[in-house]
C-alpha cells in the first residue's frame, strides 16, 4: 500500500502529446509522439488511448515499451478527428497525459520522401536522352575495348574449322539491359555467320527472349541477302529451369562440339558449368556479362571476358547504332556526375560535420 | 499500328509501374496491386505457350529427321506430357481430379518434383565443385600482375576458411574479411553504379520506344 | 539401404548427372532430356494451378472480376506467334509485361543502387572513429571512383585516367579473386549435400 | 583430359573420407556473424525474432544448420520466435528444424517454464504467396497475413501474436535463402517499415551482399556452412556444449576439399613455371 502511494507520487505522465497525419502514406494512419515521462526508467511502458469525434470515451489501442516516444495508429478512419492520450504504466498504476489536439488522417498523392529519386531520374534521364539525340547528328567517339576483336576472330575460327557457333543469350528476361545488349551482339554475330554458312546454335531460357532472338537471327540472314539459309531450328527454347538449361547446353557442347561459345547476357550460378564444359571441349570462349557474381568464373574459364558495362559498350561498338552510342555516352556522363557528387558530398560532410542519412 | 500500338501500350504500362512507387494513395496502390499480382501474372502465364511450342517443334523435327541422338527426344517429349498430365489432373497437392497413386505408391506432381527435378538440379549444381577445382588448377596461373592479384585474393580467402590455418594465423580470417569488405565492396559498388545507369537508360529507352529490339523484326 | 523407391530414383538420377564428369554417355543423355521434359511439364502445371486457377478461373467462374477476361485474352495473344499473318499481335502481351517491368524498375533501382550506395560511399566523420575504419573508408571511396573510371568509354585512357583506371582493375581483380575463393566453399557444400544424400538417405552408411 | 579426371577423383575422395569419419574443428567467429549473434542476443523482451526459412532442399546442406542454430539461440535466451517461409518447399525444412530443436530443449526441460511451448515461445506461421503479401502485410498485421498458422490454429488466439503484432514488435527478421530473398526484406520490409534485417546466404551469394552489410541495410550475415559453424561456436561459448553441430561436422569435409584445391593451384603453378623456364 505504501509502495503504491509512493509510486503514484513519483510517476509523472508523458508530456507534449502530439498527433499528426502520418506523412507519405495511403491514409488510415496517425502518428502520435510524446516526450518521455521523467520516470521513464521505472515504467513498464506506455498505453495509447484514443477517442474519435464520434465516440464518447477513450479506448486503449496500443502499448509500447519504455523509452519509446512514438506510436503509429494504423487503424483510423480518414477525415475523422481523433484525440489521443498517453498513459504511463507501472504495474497497476496508470498516470494519464493531457489530451492531444485533434488529428485527421488522409491519404497522400505524392510521397515526398521519394522526391530525390524522382529528381535523380530526371537528371540521368535527361543526360541519356540528350546524348542519344546528339548521336543521331554526329558520330560520338567510343574507345575501342580490348576483347572486341576477339569476337571477330572467334567467328572466323569457327568458319575455318567448319564447326558450329554456340550463342547463349543469358538467363534473364527481355527487360534486362544485359539481354538486350546480348541480342544486339547476337545480331552482329549472326550476320557474320550468315556470310560463311556456319551453323549457329542459340538455346533459350526465356520464352519471350526466344521469340525475339529468333526474329533477330532471321533478320540478320535476310539483311545479308540469304534469307533461305536461316534454319528456324537453330534458335530454340530449352527450359526455364536454370539447371535443366545448364544440363541441356552442356549436352549440346559435348555433342555438337562448337568451335566458339558466346556467353552474353545475364547469368547465375550455371555460368561455370557452361564455361568449364566449354573449355573442356576445346572451344574458344567469349563471355560478356554484367552479372557481377558470375564474372570471376567467366574470367577464369573463358578466353575473353567483357566485364560489366563493357557488354553494353561492345553492343554499341559492334552495331554502331547511334542510339546505343549515345546512351553509352550519356551513361559515361552520368558516372562522371556520380564521381562529382560523391566527392562534393564527402568534402561538405567532412568539413561541416554534415550527417547524410 | 503494328509498331506504334505496342509502343504506346508499353509506355502507358511503364508510367503505371513508375507512378505506383511515388503515390501512396490507396486508389493507386490497390490498382497497382491488382495489376501486378493478378493481371500481369495471368499474361505472364500464357508466355509459356511460346516455350512449350518451341520445344515440341524442336524435338519433333529431331525425331522426324532422325538427327543424331533423336531417340532421346522421345524422353523429353514423353516426360513433358506425362509430368504435365500428372500435374494438371492430379493437382499440385495431389488432390486433383485423378488420384495419382497405384496402391501405396503415389506419384503426384510434388513427389515427382522433389524426387526427380530437385535431385537432378542439385546434382547439376554440385558439379560446380568439380568444375571449380579443375578451373582453379587450369587457369589460376601467375601470368601477369592482374592474374597474380586474382590468385592471391582467392588464395587468402580460401586459406582463411580452413579452421586449422585460421587458428594458426589468427590474422588471416581478418585479412580475408577485409578483402571481401573493402576492395571487393569498392569494385562491386563501382561496377554497380555503371550497370545501374545502364539499367536506367535501357528501361527509359524501352518506355520511350527508342529501344525496339523486343518487337523482334520490323 | 533405402527401401523407398523414390529415394532410389533420386539416387540413380544423381549418379546419372555425375557420370557426365567421366564423359558424355547414354545415362547422362537420358537424365538431361528427362530433366528438360520434367521441368517444362512442371512449369505447365505450376502456371495452371498456381496462377491461372486461383487468379483467373476461380474468380471468373464465380462471376467476379470479369475484367480479368481481358487480360486472359491479351495473354492468349501469345498463341498468334504460330499464325504468321497475325504474329505481330504477340507484341501486345510483351508490351504489357515489359513496359510495367521497365517502369517499375526505374525508381527502385535508383533507390537501391544509386541513392543507398552513394550514401554508403560518402566519407563522413563517423567513418573516422578509429584509424583502421577510416583508412578502409578512404580505400573504398578511392576504389569506387577508380572502378567507375575503368569503365569510361568516352575517351582514350591517357594521363591520369590511365593510372586511375589501372588502379580500378586492381580493385576489380582483388574483388573477383576473393569472390572466387569464397564461392569454392559454397560449391563444395553443395557437393557435400549430394554425397550426404547418397551415403545417408540412399545407402544408409552414415547418420 | 586424364588430369581432369584425376582432379575429379581426388576431390571426391577428400570429401567422402571425412564424411564417413568426421573430425572436429574449431572455427573462428567473424564479424558479420558476431554482429548478428550479438544483435539477437540483445533483443529486448517485448520483441521477437522472425526467422524466414527461404531456402529449398537443394541448399539444405549449407543453410539448414543456420536455422537450427538461430532457433537454439532464441530458445536459450527465451526470445519469442516467429517462423515463416516465402518458398513453398521451405515449409518442410522449417518444420524439420523446429522439431529437431524442440526435441533437444524439451527433453532437458523439467518445468513448464523451462520447456518451449507453442504459441507462447514460438509460432510457425507457414507460407504465403505472392511474397509481397507477407513482406508488406506483416508491417501492418501478422495475423491478417497469416489468419491461420501452419498447424491450422487461428493466429489471433495465440498469446505470442497478441504481443507481436507487426514489424514494430520484431527485433530482427533473419531471412535464410539460397537466392536474393533476404534482399526482398531489405527492399520492401525495411524501406517501408524500417525493420532490421539479418541474412543467411549460401557462401557464394554472400560475397555479393557485403556492400549491404557495409551500408547497414543488413544487420548481420551468415555465409554458408562456415557462417553456420561460427554461429554454433558462439552458441557453445555462451550457452555450453550441445549434442550435434551440423554445420561444424560438415565443415571437416569442406576443409579437406579446400586444402586439396589449394594444393592443386600450387601444383598447377609449379608446373607452369617449370615449363616456362624450359
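Observations on the model:
Every chain is named by a letter (A, B, C and D) in the order it is written, and numbering of its residues begins at 1.
Operating definition for what follows: a residue touches a chain if its C-beta (ideal position, glycine included) is under 8 Å from a C-beta of that chain, and two chains touch if they have at least 3 such contacts.
Treat the numbers as computed from the prediction; the structure is a model and nothing was measured.
Here the chain at the heart of the shown protein, by mean C-alpha position, is C. For chain pairs B-C and A-D, the one joined by more C-beta pairs in contact is B-C. Chain centre most remote from that of chain B: D (centre = mean of CA atoms). Put simply, the C-alpha centre of chain B and that of chain C have 4 angstrom between them. The centroid of the Cα atoms in chain A and the matching centroid in chain D are 24 Å apart. With centres set at the average Cα position, the gap from chain A to chain C is 12 Å.
In terms of their C-alpha centroids, the spacing between chain C and chain D amounts to 20 Å. Chain contacts: chain B has residues 21-22, 36-37, 41, 47-52, 55, 69, 117-118, 120-122, 124-125, 127-130, 132, 134, 136, 138, 140, 150-151, 154-155, 158, 161, 180-181, 184-185, 188-189, 191-195, 199-200, 202-204, 206, 214, 216 touching two or more partner chains. Annotation for chain C: residues touching 2 or more other chains are 17, 20-21, 29, 31-32, 35-36, 38-40, 42-43, 50, 81, 90, 94, 97-98, 101-102, 105-108, 110-111, 114, 117, 119-121, 140-141, 144-145, 148, 151, 172, 176-180, 182-185, 187-188, 190-191, 193. Within chain D, contacts with two or more other chains are made by residues 4, 8, 11, 58, 204-205, 207-208, 211, 214, 226, 254, 257-258, 261.
Across the complex, chain D is touched by residues 36-37, 41, 114, 118, 121-122, 125, 129-130, 132-134, 136-138, 140-142, 151, 154-155, 158-159, 161-164, 166-167, 170, 173-174, 177, 180-181, 184-185, 188-189, 192 of chain B.
Listed in rising order, the residues of chain D touching chain A in the complex are 4, 44, 46, 140, 168, 204-205, 207-208. Contact residues on chain C toward chain A in their complex (touch as defined above): 17, 20, 23-24, 28-29, 31-32, 35-36, 38-40, 42-43, 81, 90, 94, 97-98, 101-102, 105-107, 110-111, 114-115, 118-119, 121-126, 141, 144-145, 148-149, 151-157, 172, 176-177, 179-180, 183. Contact residues on chain A toward chain D in their complex (touch as defined above): 45, 65, 72, 74, 269, 280, 292-293. Considering their complex, residues 21-22, 50, 108, 111-112, 116-117, 119-120, 140, 178-179, 182-193, 195-196, 199, 205-206 of chain C touch chain D.
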